[in-house]
Amino acid sequence: MIKVAVVGATGYTGGELLRLLRVHPKVTVQSVTSGRFVGKLLTDRQPFLKGHYDLKLEALDPDKISKKVDFIFVALSHTDAMLPVFKFLAHGKKVVDLSADYRIRSSASYEKWYGSPHLYPSLLKKRVYGLSEVYRKQIASASLVANPGCYPTGALLPMVPFLESGLIDPAREMIIDAKSGVSGAGQSPSDQTHFPTVNEALTPYKIGRHRHLPEIIQEISTIGKIKAQVLFTPYLLPVNRGILSTIYLPLKKKMTKRQIDAVLKPYEKEAFIRLVPESPSLSHVRGTNYCDIGSFASSSGRTAILISAIDNLGKGAAGQAIQNMNIMMNWDEGTGLSAPGLYP
Amino acid sequence: MIKVAVVGATGYTGGELLRLLRVHPKVTVQSVTSGRFVGKLLTDRQPFLKGHYDLKLEALDPDKISKKVDFIFVALSHTDAMLPVFKFLAHGKKVVDLSADYRIRSSASYEKWYGSPHLYPSLLKKRVYGLSEVYRKQIASASLVANPGCYPTGALLPMVPFLESGLIDPAREMIIDAKSGVSGAGQSPSDQTHFPTVNEALTPYKIGRHRHLPEIIQEISTIGKIKAQVLFTPYLLPVNRGILSTIYLPLKKKMTKRQIDAVLKPYEKEAFIRLVPESPSLSHVRGTNYCDIGSFASSSGRTAILISAIDNLGKGAAGQAIQNMNIMMNWDEGTGLSAPGLYP
Amino acid sequence: MIKVAVVGATGYTGGELLRLLRVHPKVTVQSVTSGRFVGKLLTDRQPFLKGHYDLKLEALDPDKISKKVDFIFVALSHTDAMLPVFKFLAHGKKVVDLSADYRIRSSASYEKWYGSPHLYPSLLKKRVYGLSEVYRKQIASASLVANPGCYPTGALLPMVPFLESGLIDPAREMIIDAKSGVSGAGQSPSDQTHFPTVNEALTPYKIGRHRHLPEIIQEISTIGKIKAQVLFTPYLLPVNRGILSTIYLPLKKKMTKRQIDAVLKPYEKEAFIRLVPESPSLSHVRGTNYCDIGSFASSSGRTAILISAIDNLGKGAAGQAIQNMNIMMNWDEGTGLSAPGLYP
Amino acid sequence: MIKVAVVGATGYTGGELLRLLRVHPKVTVQSVTSGRFVGKLLTDRQPFLKGHYDLKLEALDPDKISKKVDFIFVALSHTDAMLPVFKFLAHGKKVVDLSADYRIRSSASYEKWYGSPHLYPSLLKKRVYGLSEVYRKQIASASLVANPGCYPTGALLPMVPFLESGLIDPAREMIIDAKSGVSGAGQSPSDQTHFPTVNEALTPYKIGRHRHLPEIIQEISTIGKIKAQVLFTPYLLPVNRGILSTIYLPLKKKMTKRQIDAVLKPYEKEAFIRLVPESPSLSHVRGTNYCDIGSFASSSGRTAILISAIDNLGKGAAGQAIQNMNIMMNWDEGTGLSAPGLYP
């Protein structure tokens, strides 16, 4: 039984962490923080948790929190997480950072995409990128895990076996056409997330310039040792949760559906990846840590069409964060993540 | 052919007015105003109107606008409309005010509910309440029509024949349980209208203290000459458009479904009221000026259950405003309002 | 650890039972049945459960199933459940029947509303109506629990304390205006549940003649010892899960909001009822066994306005069924039901 | 003023035709047919049209109908339209067929994709494919126009200028990732269109094997004189109306965004194509005959990313059908199609 803190407890990701930690058998949440609602009951801001937590929201004081807990989940906005993560580590704590602040290895690239210089470039060398299925060995011994973005998780997992097998043709562009539920945009209202704007629509945005693009490219080059050309088209989808990513993967040589499936086959032993016979469905991963993957071959055989479904708050954020904690703590990877999802 | 202005052209109601005026055969829109986007093209703020209007957004200058147009639709927020309406009238123009500023006849009640003293109480005596089917004679000779609120329109129309026939029992409470699409909350994003808040939910709000309550009570007492006790429960419904109002009407004497229908029968000659055999549907009034009404008797016969469906932006706002203009101009009431709605 | 069967495992309610039983610490699911898909893997029909169950769907053979399990959940359609329930009981098994077949105590009334004579009227005398918070003592010693309908659960729970305290005025009609998510209509497609029919709409149906009405009236008269007049207006709401019920309760004497809250206060000790300061929200009960209740007084004080939110598949079906099993087995009532809901 | 018939008047496309024809100044609808509801009022099956039509539904008798009308819209299912279209033509009538029966020029290909031999292959040589902006000259003198499928319309229009300019690289696969509202699946309920299946999801289907694929390929080869390799991924989107198509177009030589826009520039003079600065939105084309197009260049410049938004029932069906009638009758192309869309 360890004690944990959720830093940034009033957002969607913080709420999902608390939802999942509530049934984690080896963890007690001791501290929850908020910027604007210090002193209020957690359940005043997260009423769905009423009956589950009696905690009050604290100010974010890394020194004080470090005295109370062993492990910290940081669910703050980018740039806000940089400093507290550093301090928690200085106190010898283990941290999973769900913000973007430690995902990009290059501090120059971070500054370019996030508009702010990185204060702790040395930490960027030590942190491990928390794509659990790929980096679990490194995660096991990490103090700081940078939890992947939701789009990168959905985009990378299906292509990893192809990257590792050197099957992707870097001369042709790879396309990621990814549709996200609105909780991915966070809890702050905006014109873009106003109900009549999103409802009865499907809204492409930041085509070719979304902040998750450099993260995706970084991992493609790290895992696949190729310099990939990636077209990334994200959309706001009128649903609460879930990312459905369709990935058009240019292949070096022609492949059949059967051959494509053979490449994915090692995933059968993964607890949180399910290979599905046809297309995956957001409805089947809602509330879970699963990444469901369906596969198709183009008629010429030169392109693999991979479709993944994740819950952006689950495998795309809080679920994977807990999976990473389990790895870091040397627990079974699925501890506390065994509940089926909500259907319909 | 008359020239009109739409004051407050960038909101949902302004957009709906412009959509409908575009196909009105006797009207040209000459002026559109905006508080924040002066100088921009109207279609920059209302892209759905691209191809239909070339106008630029002007500042709200009643003197200047009065020189250009004969008739003004004011689609501003409450308290913002008071002064410009006064000025347009001073210039001898005809005005339909879609804000709440001239709906409440009592300036004391206005101040109580809208938190601001009324600057032109004398105008409150001259203005006509624009419930077209009830006040069309007065509207015909009015210079200022206060267009009804969306909830009052949906709530009042079904009960008007019962009020006029003296069938309602004022000793028992009347219940209005009314569910509104989110466009009724306007175009400004808020926590309440954030997509993940509204979606997959149904949110009651301001129970017994919604600003449309005094308006409803005023008209019940004016039309029915009774002091009614009204329970008004509004909800935010996860749809873009439409208000479905269920009205439980306490009857003085027992009535059958057949007798209830007989009371409603005069509505058969109304162009914009459709009596439906079962329940009405928001889908059948979308984009229209219709008020569809279904009726039921409680098994004891002591309560009439009336259900109305309107489009909150149509009969609940812009549609009725144009119907009122038609009456004020002595044109056929349905001029420009003859297009069927959008289904599905 | 007991062995259970889920009879009717391929519908929404069956799926929800299996979702919840998966994390129940004292139960193993040994048998799942289906009418049409015998021999298929459960997860072929409920793909969201993939990774959680390896069971094959069996034919419904009560004799055979009774040899394998101790406890049976019957999630069949009305009239289909009557016979198998009888057989399971004849084998000495305990049963929670989620169908309507044993809810109505009067076999004449059952026949009238469900169009089929009741084959086992003697069983109707022994079965216990499974509104857990009301009948837990009787449930504890029952062999057959008739799990309440979703609408009756949401409608009755808020009014029970008023019924028990004799506060309701039977001379005036009580109104239940209840809006249900579409999963409540089951898994069979129909014109009524076709996406473009339900979406962007709110559809009242079977006003005053819904089959849950006699069930509600039965319990009002049993619990409150009054002959109530109930107006029941159900709606199809464009969401997947949840029932929001607004109940207008006529009071014998005037009450303030404070007095109303005092009547509800005993619910504070109930694990699955949460009293909320304002209106409850479907979003806060999704996937849970909670019934959230908000309360208001009419301005005259003569009517209590109670609003309840439940998940129709949770407290309205599978959740309450498991709560009832816990009571029947003399386990802690919340066993296996402690996970927070999914938000947003 | 001509007289027209709508054959197949009770489906979504029939309803949309009748909605639009109601405000068409040169047309009177004289005859509406139905397979199952002969003798009923049209408005019994299309209640949203109440107040607009008094017609009764007739049996489909081409001889009889040909005596009453000059022009016929056929809105039947594929294979059902083949014979009546032939008969109407034999009577010397003009026909726009909205089914798939005359879209595919090759009768062999028709048989392969639609599972039925084509009875009138000679007609296939005479019919004109009704993509208005491309074939308006041929449409002007046609007796039979095969109205394009909804997906092909949204997919082809953006790429036409690139096809005509010979800019597409046929050696690389072109990708069409197209998301459709559920009305595109028609009015018959099914598991796939059941509300809880579609809602809170996004469902890819028939990847690489949708019946609109051969239609798209036929036109690419006709217009562009290339043998294209097309990956076509359709999805069911949880909205009522609209198709958003993202097209990844492989370019022969590198192009900038500016150069791409120059290729599209001729569309500026098209009444029903709007080039938009960023991404188009389904909300801005709802209920219209517009095809809105946004354009992007990949960072390498080797791929044009074109996004189109249409209303599947408008430009994707009934709107384009009326545009085609206007061309066939030598009227202004936009006659009766000038109303703005519904927003929000």
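All chains are identified by letter, namely A, B, C and D, in their written order; residue positions are counted from 1 within each chain.
Going forward, contacts are C-beta pairs under 8 Å (C-beta built on N, C-alpha and C of every residue); 3 or more make two chains touch, one makes a residue touch a chain.
What you see is a predicted model, and the numbers here were worked out from it, not measured in a lab.
Across the two candidate interfaces, A-D and B-D, the one carrying more C-beta contacts is A-D. Averaging Cα atoms per chain gives one point for each, and the point farthest from that of chain C is the centre of D. If you average the Cα atoms of chain A and of chain B, the two centres end up 46 Å apart. Centroid to centroid, with C-alpha atoms defining each point, chain B and chain D lie 36 Å apart.
If you average the Cα atoms of chain A and of chain D, the two centres end up 39 Å apart. Chain contacts: chain B has residues 12, 183, 196-197, 199-200, 238-241, 281, 283, 286, 344 touching two or more partner chains. Remark: chain D residues 12, 182-183, 187-191, 193-200, 238-240 touch chain C in the complex.
Residues of chain A touching chain D in their complex: 172-173, 175, 177, 179, 196-197, 199-205, 207-208, 229, 231, 233, 237-242, 244, 246, 248, 279, 281-283, 286, 294, 296, 298-300, 302-303, 305, 307, 344. Residues 12, 15, 18-19, 22-23, 46-52, 183, 200, 240-241, 271, 274, 276, 281, 283-287, 290, 338-344 of chain C are the ones that touch chain A when the two sit in their complex.
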